[in-house]
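Chain lettering (A, B, C, D and E) follows the sequence in which the chains are written, and residue indices restart at 1 in each chain.
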Amino acid sequence: MSTPAVTRATRASRIAMIIAALALIVLALAPWWAGRADLRLMGEIFLYLSLACLWNLMAGYAGLVSVGQQAFVGFGGYMLFALTIFGGLHPIAAILLAGVLAAALSVPVAALIFRLKGAYFAIGTWVVAEVFRLTFAQISALGGGSGTSLPVGIVRSLADSRSGREALSYWLALGAAVTVITCVYLFLRSRRGLALTAIRDSEVAASGLGIDIWRTKLEVYVVTSAFTAVIGGLLFLQKLRISPDAAFSVNDWTAFVIFIVVIGGIGTLEGPIIGTILFFLLRETLADFGTIYLMVLGAVAIVVMLKAPKGVWGLVRDRFDLELFPLSYRVNTKQKGD
Amino acid sequence: MIEWVNAVVQGILLGGLYALFAAGLSLIFGVMRLVNIAHGDLIILAAYLGLSTTVLLGIHPFVALLIVMPAMAGIGYVLQRGLLNRTLGDDILPPLLVTFGLSVIVQNALLEGYTADPQKLNAGAIETASVAVGGLSLGILPLLTFGMAIVVIAGLQWIFYSTALGRGFRAVSDNQDIAQLMGLNKAHVFGMAMALALAVTAIAGILLGVRTSFDPAIGGGRLIFGFEAVIIGGLGNIWGTLAGGVILGVAQTIGAKIDPGWQVLAGHIAFLVVLAVRPNGLFPRVEH
Amino acid sequence: MSALLSISGLKKSFGAVVVADDTSFDVAQGEAVGILGPNGAGKTSLFNLITGALGPDAGQIAFAGQDISTTSAARRCKLGIARSFQVPQPFGGMTVFENALVGATQGAGLHGHEAEAHVLAVLEDTGLLPKANIRAGALSLLDRKRLEMARALAAKPKLLLLDEIAGGLTDAECIALIDTIKRVHAGGTTIIWIEHVVHALLAVVERLIVIDFGKKIAEGPPKTIMDSPEVKEIYLGVDPDV
Amino acid sequence: MSEPLLKLNGLDAHYGDFQALFGVDLELAKGEVIAIIGANGAGKTTLMRSISGLLRNAAQQVQFNGHPIGALRADQVAYAGIALVPEGRQLFPSLSVEENLRLGSTVGRAGPWSLDAVYDLFPILKERRNQPSTSLSGGQQQMVAIGRALMSNPDLILFDEISLGLAPVIIKSIYEALPNIISGGMTAMIVEQDITKALAVSSRVYCLQEGRVSLTGRVEDITRDQITAAYFGVDA
Amino acid sequence: QNPTIRVGFVTPSTGPLAGFAEADDYILEGLRAKFAGGVTNNGKSYNIEIIKKDSQSNPNRAAEVAAELILSDEVDIITAAATPDTTNPVADQAEINEVPCVTTDAPWQPYFFGRGGNPAEGFRYTYHFFWGLEDVIANFTGLWNDAGVAKKVGGLFPNDADGNAWGDPQLGLPGPLAEQGFELVDPGRFQPLNDDFSNYIAAFKDAGCEIVTGVMIPPDFGTFWSQAAQQGFNPKVATIGKALLFPSAIDALGDRGIGLTTEIWWSPNHPFNSSLTGTSAGELASGFTAATGRPWTQPIGFKHALFEVVADAITRSEDLEDPDANAAAIQATNMSTIVGDVNWSNGPVPNVSKTPLVSGQWQKSGDGVELVITNNKHAPAIPVGGELQLLG
């Protein structure tokens, strides 16, 4: 008898990869075919997509339901401003350094909040984010509660021409999204990712099989925090102005992100992508209606949660058994014609 | 010295308000493990209902409670049975997202209905009345609020521990399946719990509206204090919630005494310190 | 020959319920030991103590000459202790293959093709290969129990703890199971097996330990133990003369 | 024979993807006591959960007093007159002994069982009435669980593994009380691992194996070997 | 068909700042009617299209919609109003995207220095007209001198854009107050939406303050004001920026709103007319009341003036297609508007033009309240309407 073969890719996933590669090339060329507004919108979409993928990694795989990720978005944003204004760093260097600093900062934060479980954890993270907000509001060099703007000189250091800056800013966002998705994907495909998925399904069994749950979650938390801070830096590089309320907004950086992940399908890689698209479709069509837009958003959240708790991708997957990102293993035993 | 005493006393009184924000949360958190993100906005909704009643009927805000409390209780019951019951389970995400949606809807509906203008409930002379106690001037309204917090919490304690309804709450929160076997319809019990919680919310909303101006957007800030009071006190412990509110209030006024910028920060830090030392809060209900 | 596992003075209670009452025993390298006792005697709790899912109130657990009383569960698995759960704990969202792969990659520390090959061998051995691609959450109870064992074996343990895996098997299945366990044992793995299906247990183990209310009440060769009236009374719950 | 009190028609039960019962047929006449036996995981508890409404089924799959109750909620089933003494006792830890008992009378059915009647049956509980229920010994907890079920004055009482995890002497005392309970004309269904004990108090037996009825008959007609075979699927 | 000039307008239609945007629709309606016939530039007629976007009172959102206006609506000029939280993010986007921008309704210091402005350089595309802290200080001290009470002032400054600017030791109130012999008791910056002012009140009582001042949002002032009464602190004068702008906020305070003092940037009694429509301040205010049934508010005039400035620049621009030409046209503005003169060539710093500021008091009038100008020392052209009355 021949030995069975183990494969991971499926037909659907291979096709998806080819389409994704083509789409990536088209997207990378966007500065030559898209208008300025589209470019900026797409940049924002990519950054939200990155945040969603990161939050999904934490909540959907590591079971860390945080409502305090704005802590690191804001931290990244503020570090961009602080390191460029006072440290004289190039913005891109500042953003990368912000990621490193966020990673360092997330360790003591984790030591504190990992003591909490479930809803306590969620609220603990929120309080930590509030502490970040109020602390940055006390730093008068960064404008205190009123915030500060990124000096024009620093923005110009990115590129001389306006279109150059816009293209660069777009590519940074695209690059960030591609990096985040690739990293999350490769991580989940690795042994560690397998461990993380195991933890999600049963902590008792996971620790009995040699998985250090605390450390695995810590790693996820630290890496997610670092990436989130980088995305935060990029977001505020687009906004050019930062204030504690904007930087640490629970609605903008966490509630909307949770919304995206959950309507798309939590615990899947495809979910955040679909959720981001849906969210921006809603926003672009309705945002001018102000209160109505937000009420619709609230209603969509409720309806999706009640009718399709696994999100849109959950529906699709249950229906068609599809997997675009080949994470699972298939054992092929049908060597002989039976 | 007297300033510090003043800060502590004012903090304790402030804690009464926080305990009122938190009592309803504590109840539903304790009974159904529901994290209600919309709680802050429901407090504001109650304040607006109070406003409409006082304006329409020309009655005192405290009298309006007679209308607002049953109204909020009704809203609570319908909300729970129509919507929130379907989100309960081990996963904390569905209730989180659904109540977030609810929060957004309530907030924006209030904005549509009442505009963003700050509003206030006018309670007349009681708002500014005070008594002098040992060199301190204490407002009647904060004293009343604190007294109300004690009454509400004692009342909840009584309902919880001395009535058939309370027995139902405890039984369902201990073990939903077995409670069903006893003939308790958990959907109804949860509905009653939410009704009671929102009746308390009505008191909190009216007292808030008398104490300060409110607009549709200020619910979120109140929510986090409520959660902190609940968690500091310990899940499902109603008197603990009062203690939690007081700790939060005192931490805030002491923090503010050092530097006003630290007022809220000091409250949050007190919360984190408590959690670092006692992750289950100060007085958690003994777990089985 | 020194003991692979050595337990001394182990104590654990939940409130008034005592699940380990000054328990001491050794298990030698390569031995197969059976554990008997009424429901709630503390058998599963003993496994929880050995694997680190529970911390003891007092007493020591040594494995391969090393005190592991305070070592984390994960670390103990890496040292070579793996178990099956009485109430199966499959990773419900993963396939059978992936479940076992967790054992191979995390517990045994294998990589890549080596890990995959090992997992395939284990699945073949436990009869789960045809179900390799099925989501573990959709398995029947019997298959879940098989998966428990497969996952533990995939972690290449020195000491394998089995908790009630024979219950509800048909005769043929039971024989196959005994076969598998014997093979594993012959391969040098030390085994401790909790089982109510006594005849299956007796086919494999060399020594029996009986516990009741957390106390070790008898220990010795299977035959002697099974014939003791005390065990008949306490464990089988039948009058010795029936 | 008159219309049975309880009738199961091809009862299926599922936990998510997993099917735990397959087409179970069963009848129980008024005043009868039957035993359900089977190995671990055979589906005994699932059967009880289905009857009591904790698992919802198609309405016709469970008939009680001639009414379809398969689709009712557990609290509605309780009002209809079925009580369950659950596996592992499952008292309410936040309630005192007496509160646990009182909760049993929520459905308010009339009948012989009251607080006093239960205290008469288990006098020790009266002494411990104000203690937290968790502070009792396992046997006493089992008494509370039984008393709690009786308080609803059910027409049908279901016992799931009443001797589980109890010391032999306590099991003995519980089984001594059992005839007092069911002699009053109450219909009962007893799930028990300890076959001897189960058979001693019941008139008929159903054996489950992997979610299917593998053996059924009157107690006196069945041999030990048949039971062993039905239990493990082995020809002993 | 005339070519269209697009003007973006970012405003807090919803959220806590929505009071500032109350009159938007009324003003825009009037302007659209006015612009219906087109505006002439270099002998050619252009249509003006005003595109309004809601910032939801959120600076993040303000930046977002500003970017949208610039990038997807491709506006030629962008405008914004109402507190630095709205104006600054919009101006920043405009500056970086090289679109001319006019803003108002925020004191110029938090606008200019809050954006990191350098007086030697200024900005290239962004222009602002309003008064500054020096005007507030002059008016407030003027009021207090009129009152003739002890020169001890309790300061209530929140940790937000306005509060930090007003309380700033160099640019804000502290320096000038000291120079004029006032002692300022400033315990520090509180977080907006504060629940407890006990510490402020204790400090003010301790120091014997008879005046309180500050810049707060209405809920904070409401809380402070009742607590002050409860805790036995009864200042003779309370002069507060921002919180007391709107009649609704005063109504909410009931009787205790009577006698509060505040800065007045615009009123129906301001002796100015619109350069666009010729309407007087009084007519504009009564028109608003007639159309909406609501009392006039101060932002009405400024909202109108914002578009007066824009329309004026459009008529003068040398090339409406060229952002630099449009910016130059704005820079060259020299006109009278319904809020006073706007001229960027004589501002305190580049890109800022100042409008007059007076101060006054909420006084009883019939069964309502009315904002009465009591001090016009720094803008004598604006008539006073009554005398300052001490509190309680």
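The criterion applied here is as follows: contacts are C-beta pairs under 8 Å (C-beta built on N, C-alpha and C of every residue); 3 or more make two chains touch, one makes a residue touch a chain.
All values derive from a computational prediction rather than experimental measurement.
Hopping across touching chains, the smallest step count from chain A to chain D is 2.
The fewest steps needed to get from chain C to chain E, moving only between touching chains, is 2. Of the two chain pairs examined here, B-D and A-E, it is A-E that is joined by more C-beta pairs in contact. Each chain gets a centre from the mean of its Cα atoms; for chain D and chain E, those two points are 76 Å apart. The geometric centre of chain B is 37 Å away from that of chain E, both derived from CA atoms. Rounded to whole angstrom units, the spacing between the C-alpha centres of chain A and chain B is 33.
For chain A, residues touching at least two other chains, in rising order: 134, 137-138, 291. Residue positions of chain B touching 2 or more other chains, listed in rising order: 108, 111, 261, 264.
Going by the touch rule set out above, the chain pairs that meet are A-B, A-C, A-E, B-D, B-E, C-D. Within the complex formed with chain C, the residues of chain A that make contact are 3-4, 6, 191, 194-195, 197-198, 200-202, 204-213, 267, 328-331, 333. Across the interface of their complex, chain A is touched by residues 51-53, 72-75, 77-78, 82-83, 85, 89-95, 97-98, 101-103, 105-109, 111, 116-117, 120, 123, 129-130, 132-133, 151-152, 155 of chain C. Listing the residues of chain A that touch chain E in their complex gives 35-41, 44, 134, 137-138, 140, 143-152, 155, 162, 165, 238-241, 243, 245-246, 249, 252, 288, 290-291.
Across the complex, chain A is touched by residues 13-14, 53-54, 56, 58-60, 63-64, 67-68, 71-74, 84-85, 88-89, 92-93, 95-98, 110, 114-116, 158-165, 189, 191-192 of chain E.
Interface of chain B with chain D (complex): residues 164, 167-168, 170-171, 173-175, 177-186, 285-288.
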